[in-house]
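Structure incoming, see below.
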């Protein structure tokens, strides 16, 4: 199967820091891969390389098999990659309404208005925000804004979805609620996703596979079980140890 | 959205360009004081129904701003007419081939000494270089009668002349050199220095120095003299060298610019300016001396036929001005 | 998209400079002849000395005043700031005229000696110092308002306010101080009307008046302007090094509400000094009004105004719009470090610093051709000149606002498939609307006060009000000249008032 997202020997240097070194990762269609790593491990840089805001020094990034970044250059700009992203700070546009936020990307792609209205309406219902369609992000609660961010990404029916620590700013009950929502949406729709987090519980709950990023390298990949069985580094061992023992 | 904005901008610019109804207008560049020239041009506008677009000079004592612009625009002339406050500047343009010949029918009344034979410039309404004498410091019998009196040791430190690098004084000095020859000219200027003649920043300042009695007398223009008299300053106006070479006359001149956008309108403007009525207006408004005979002048403003004018070849004076620049700079002490 | 905006800027600003460079070989001999004498260099040194003195004096007054306004409890400091800043938006000639009506021979308190004092280098320094100090004050104040409050608070926990002010706050405003110094220096060197009015010989005036050298050639003006170009490049280098794209927050005046440093016993003295400075700059305007009214200048005004105010407003408004658009595109590119933006930013700064006569002569050389008559003979040439010279105002204002807004909003738009134009129009513009409007307003005000740029090539009969003031000043009736100056003041005040009103009613999305 052609991977939805593939990184092959990707290295990223910012200034003089090597943030990513020879990272290879594949996300197959329908798969959710959780990328685990402490702060400073290079998670954000990896996402930015996939989305196209950062050109990797070496290596190739492919979307649906097609190289989009290679030889240190960006071959396809972000707006042409068909990859959607939920940003860490959500990045909701404050001057547009909730519906407007969702509508923006569809309009940019030239989807005709009736279709747009339908898709936006459907997605808003799906995330439970149908009555808040005309509100501005500033008027919403934290949880509501999170849903808008997710809805905005999914309404585009992207080839792949990237999530940058989407739940890190939420308290526990909200987190649980939204994790439920995410697993419904992502798993049901089989959207190939790369879910970046530092929280192993989230990773284990949502990811089909985990990949652990440490100091710019992927030190281990696999299911939670395989990681527990043979942790490659002390960090992996510590992190996996936080998970409750499987029955 | 930005494309729309760009189109809107372009439209506005085009509109602006189209706005100028280029057929019914004439463009004149002038170094005559705006306060004097503008009303006359407005009169012309009313009478001719042409729109007059003017570029005025910015500093009457110093700059050759308008002249520079005419030269800078030579590749594609913008002006139809050049109305100069002195007779020398047109030569600089004639030399560069920027002036077209035009003999206005109204030029007939102007004495031949004050216009070119080939129609490249026509003089009218002139200023004259005169001596302003403070009556309180100078008795009637001792009144100076010649330019040379500026260097008379009797008046050591009591005479004034404006900076010879600027304005009408430059012309005056050049005319003197032209009349006397180089050696006599240099001697005279040296004599002025020896006589501690005050070098003022402008004719206006000379007028003030004489009016307050700081100096006994000085050289300035007739319009400065008229101003002083209007202010009731205790001065007498002397037309120097009436018994000798005559007094220097500096006509304002008008020239048709070659390649201007509206030549016919330009000719109309020139014809208008050369009318006797305009000379009269200029005499009344700015104490300019009319050059043609028979023009009515107000009190205190002489007419050309009433005094002896210095015989001057203005083109020679123009050349002298160029040539003398370095020497004068040295003389002024820069 | 950057290419489009860049092209506009290049055409407006770079072509004139290049055209003059191209002329040089043809007129090398004249150039050498002209520059071979001592006089041009003497004048240049004098100009630079004048500019240096004015700059130092402006900083000496402006930096402390900026600090007082931004971070202390000086009473009525907002009003003070506004009144202090206002005269800057007038052509300096107006202030010089006002002082003439005070200190001139026939002035309010004028005597022979005060007149001599005014009409000298000292007088020029005085007037220009009063006009340009607000630049220093305002840039410093804005920078200080943008300083992170926690930096200051941490300092005030351990040190006296004075120490905090001098060791922490002022150093934090260093880029602003350097920029202010550069601007004042550049503006003074370019200043034409005040030295000419006060009969102080300076280099740009000499370039303008051709130094009396009769044998004029198109390249000669450039030869005379040549020494100014390295100066401009030097200023640019200083700017790149110390200021550069690192601009400071134009966060609005919210920062003024932060806990101010109490002045205690110094409050009264500081107040008096500050208001005295304001008085020195605004009293002349009132004197002008009085002088105009007394001499009948106001009643005669309609006759003498002509089209000039309309020319000023129209050409200024159009230029400001172009500048705002350029500012949006280039300012955004500069803030987001898009490749090529830095050079264009440098070019716009160079065009601003390059003394006006150089730009003017170049503009004539480029635009006075057969097929460009639609531009050259109309107000459009003024627009081109203004855009070339003041593009930097729009660019810097917008980029400083955009620097404050997070990138991820634009990145999010990119991930939804929006291209560059759409992102600019639908995301960047609405969110930085205040900055764009501010850029428009500043550019407009700069165009309104402009004299040196327009005076060389204004279309015949379509002069802006400042030029009209300048040409009449030489020999117009003083009351009428004063009346025209009052008209300029009124026009500027009206625009400022409208701008302030529009600004305060905009909703900020942040």
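Letters A, B and C mark the chains as written, and numbering starts fresh at 1 in each.
Please note the rule applied: a contact is a pair of C-beta atoms (placed from the backbone, for glycine too) under 8 Å apart; a residue touches a chain by one contact, two chains touch by 3 or more.
Since the model is a prediction, treat every value here as computed from it, not as a measurement.
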* Asked: Fewest touch steps from chain A to chain C?
  -> 1
* Structure fact -> Top of the farthest list for chain A, CA-centroid basis, is B
* Roughly how many whole angstrom separate the Cα centroids of chain A and chain C? -> 48
* Just give me the whole-number Å value for how far the CA centre of chain A lies from that of chain B. => 81
* Structure fact -> Expressed in whole Å, how far the mean CA point of chain B lies from that of chain C is 36
* chain C contact footprint on chain A (complex, rising order) -> 51-53, 77-85, 87-89, 91-95, 104-105, 108-109, 152-153, 156
* chain A partner contacts - residues on chain C that touch it in the complex -> 406, 408-409, 411-419, 422, 426-427, 430-431, 509-510
* Residues on chain C engaged by chain B in the complex (per definition of touch) -> 1, 39, 42, 196, 199, 208-210, 212-216, 218, 221, 318, 321-322, 325, 329, 361, 364-365, 368-370, 373-380, 383, 421, 424-425, 429, 455-463, 470-472, 474-477
* **Footprint of chain C on chain B - complex, ascending** => 1-3, 5-6, 9, 12-14, 16-17, 19-20, 25, 27-29, 33-35, 51-65, 67-69, 71-73, 75-76, 78-79, 92, 165-166, 201, 261, 321-322, 325, 329, 334
